[in-house]
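Below are two complexes that have chain A in common, paired first with chain B and then with chain C.
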Partner chain A sequence: MFFADRYMIVIMFVNFMIDLGVSGLSLNNLLSRSVGFDYFLYIAPGANLITATVAAFQSGRDVWRERIIQDTQHYLLTLPVDKSTFAASRLFSGMLRAVVTVLPGTVVIALLYGLSFPFFLVSLLVMFVYSGAVAGLSVAAASMANSLELFATVRSTVQVYLSFFSTQFYPSSILPPAVAAVSAFNPMTWAVQSFRALQAGSVNLGLLAPLAGLSGALMVVGFMLYRRTMNY
Partner chain B sequence: MIEFKDVTKSFKNVDAVKGVTCEIRDREVFGLLGPNGAGKTTLIMTMATVYNPTRGEVFVEGHSASAEPDKVKALIGISFQDPKYDRILSAREILEWHAKVTGVEKGVREKRIDEVLAKFGLTGEARKRTWTLSGGTKKKIENAKVFVQRPKIAVFDEPTAYLDVPSRLMVWDMIDELRDEGSTVVLATNMMDEADRMSDRVGIMSRGEMVRVGEPAALKGSLRGRDVIEMKLGVPIPELPGEVSKVEEVKEARFEGDVLKIVLSNGRGLLPHMINVVTAKGGTVQSVNLKEPSLEDVFLYYTGMKLS
Partner chain C sequence: MSAKPSTLSVIRWLVERDLRTLVKSPFIIINRTIFFLIQLFVFAVLVSRLASSLDFNYFDFYSVGLVVSTITSIAFIIGEDLFEEEELGLLDYLLSLPFGHSLFVLGRALGGAVRGLIYVTPMMVLVAYVDGNLSPVGIAGSLVVIFILATGISGLSITLAMLIRNANRFDITIALAELATVRVSAAIYPLFYMPGVLQPVASYSPVTSASNVVRAIILPASYSSGVYDWVILLLFVGIFFGLGSAFLFRKIEGGKFE
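On to the complex of A and B.
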């Protein structure tokens, strides 16, 4: 049931490979000379994190289905499960599902980066923590939105924020100052930087700590808003 | 025992349930009757801890639904009016998950699921995604959740809606079995024959209030003096209702199509006189039916609804 959408891992991996192959390789040829580094390797973790974003956003979709489409929330609230446990499990399941979904892509990047096994495990941890931020955002959006249009708009906005207001595509040094400032409050920035630091041979706690802080904050927001929908 | 003590539940400025006080005894089947919007489901949701009462309190086996929701939820299983499960899942997945979450022991889980699926004739469809199944089959799966769980307090909201006659009888038998095993059953229904057949006692709700509670026989007895004579006439004569209403014992008379419906006391004794009144006015009586009060009449009387 955890993977009721049975082909999700395959679909997500294919999406990742398309992102990495088409975008990464073509942009690499265009940009590597001008930016002065291997753009293909630079962009690779971002492609995987986008896949994680899509998978973790499933938590919000589950909440949306539960509240609006399937109307199962009353049933779930009659089950002998504490409401807070229930809300926390929605977030946690999103994180876990995201990590499992991006596992093949993470292996690909670990091979490209030549990561040791302990660093590979750290890269999964980065994925897990980052997915918490996305799950928190998605659950918050699904808890507040009462129309499909609003939920879809919020989802698209979140994806734009994560992708284009972060250092997924470019280092902050070449981003416009306003975007660079905003990118500091973006979990994608810290996740992608943490990933890149692994390639350089270090586990950078200075990057992991802000990621954990942002993820924790967004998870708390998602938790509180979702918990609030359970009070009638 | 389930105790509702002056329970009120309001949504914004609307009182869905107003000051309900009543008890549901252990091991009884309690029929909860009321027209659509009467507050039956809201009352059930309050008992199940989903809704917090705006005022008053519900106690389930001595536990406060507001203060000890986890203890209350551990006792209750609900079959909803409209199936409430993720329709991407199969019947077996739904039942396995429900049984697991509600604490059905692993050793008996599979056997019980197999038994219930077989009783409902769902064995062959148990692995199909439920969104592909018919409305009646989805409803059976909703009921099956409670039969697999076998809770101390089983709640069924319209359990036989969408079901064919054999399935309906099967559900009734299974509810009887549950009660015989020691469960208390709350049966919310709009089907009076179902309530009459199944319930030890019924509670009638109207506009959020519990207007009457009692055994079906006692409630029917309370309407003594409200017999109904139905006369099918060859041609309806518009002045006949007014004419028969002149008889002191007649409380209400009207045409429903070509049937003259007369509500009166002592229907058996006055039947010949009523026929005489009608024939004297030129009416041709084709058939006559005398009805003593049914649970349907009790329901209509206490909810203030008209016969239809």
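On to the complex of A and C.
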């Protein structure tokens, strides 16, 4: 269904390019002299991860629309698929969809960072694992929200949390202690740091492990809440 | 037979209806307020620390731009409301009411703008306070500028809602439109620091014009604006009010809703 809608992929890529090419370059021009490093390269993976966030949240949006607007969840549950398998596959498809959406952006980042092909594959893995965290959050929100307003509120709150309480824009060394503590529980922090480690020429398992742990936990939450909506 | 309602009473009814939606939407108000405060006191403070070598105060610059970008985001919500009404079949009913469709667009655009103004008034006061210019006249002048911008953005949002018939496409397009109008402007960084090819585009952005005028009001010692800023703002409102009306007429012609 997603591949049929090429419009979405194009629009998401344009979104990414605005983030990277407009905001990234402008902030780089503004800050590079002060910070003493290439700020554009520093924030580049964050732009791609934000696009992944938007794409992965669409899986929750679909679940919400099926439950509340289209009223098709009952029909879907009559299909010859086990409910748990169905719920898990929705999360998995959300992750795959996000990775496909950010593929062009990931190629751009890999080119900017000069990554080798194996490291490019690792970067796709980072996107996949990160998307799991967002898909889990979005499906959890979709399973609990009965109004568009509440779902949209959760969506934007999650986006704010992922963007501003992480090391997407600023190094952890300048974060106030409270923000630093919150950022440690933010999948964006570990995903963006994992990307930066790839540029430095290493696959840092010390960064990938917390990302995988957080994503796993959030996916379990999403799965359980979604599964609960299927019980009558 | 009842008399046809007057133009003013129709506009008042439409604006009131959008304001009632605001009252019924406490989550959105709380969320936008928290979003604003986090951007101001986390993002702007931390980035200002990074921008220590600049010859201007980035926090002050950003704070005004943040109010303008917040009203832009909020004004886009009116299109989402219209899209939802279309999905639920309510829009057909509203369009069957005994008043013209241009009046409907005007009322909804004004409703979206008034709603946005109510959201951002406390934010504008807070920014004026932290920027050290808590003048009632300055705040009132800034709110007028913001209201004009919000009317135009509401018109743009209504146009998109009438143009796109697929919910996912609409969601993504509205997010893109919001991103483009805010980022390709002088709301969050000065034009001088933008990539050269985008500077001419951003200089004609209504968000740039609104930011310039409000900065000139709130931070008069550091910023100024010109007549062209007002011309751009008013042209923007005129164009998207016209387009919104045109696409509503097209909507009446029917078509398959996906």
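Going forward, the second predicted complex is superposed on the first by the 227 of 232 C-alpha atoms of A that agree within 3 Å, B and C clash if a C-alpha of one lies under 4 Å from a C-alpha of the other, contacts with A are read in each partner's own complex, and residues count from 1 in each chain.
We adopt the following convention: a contact is a pair of C-beta atoms (placed from the backbone, for glycine too) under 8 Å apart; a residue touches a chain by one contact, two chains touch by 3 or more.
What you see is a predicted model, and the numbers here were worked out from it, not measured in a lab.
Of the two partner chains, chain C is the only one touched by A:30; chain B is not.
In the superposed model, A:153 makes contact with chain C only, not with chain B.
In the overlay built on the shared chain, the residue A:200 is in contact with neither chain B nor chain C. Within the superposed three-chain model, A:54 lies in touch with chain C and out of touch with chain B [touch as defined at top].
For chain A, the partner that touches more of its residues is C, with chain B and chain C as the two candidates. In the overlay built on the shared chain, the residue A:65 is in contact with chain B and with chain C. Within the superposed three-chain model, A:75 lies in touch with chain B and out of touch with chain C [touch as defined at top].
Shared interface residues of chain A (contacting chain B in one complex, chain C in the other): 5, 65. Taken in their complex, chain C has these residues touching chain A: 25, 27-28, 30-31, 34-35, 38-39, 42-43, 46-47, 49-54, 58, 80, 84, 87, 167-169, 171-173, 175-176, 179-180, 183-184, 188-190, 193-195, 198.
Residues 45, 48-52, 70, 73-74, 76-78, 80, 82, 84-89, 93, 97-98, 101-103 of chain B touch chain A in their complex. Against chain B, in their complex, chain A makes its touches with residues 1, 4-5, 65, 70-72, 74-75, 77-82, 231-232.
Chain contact summary for the complex, chain A toward chain C: residues 5, 7-8, 11-12, 14-15, 18-19, 21-23, 25-27, 29-31, 33-35, 54, 58, 61, 65, 69, 148-150, 152-153, 156-157, 160, 164-165, 169-170, 174-175, 179.
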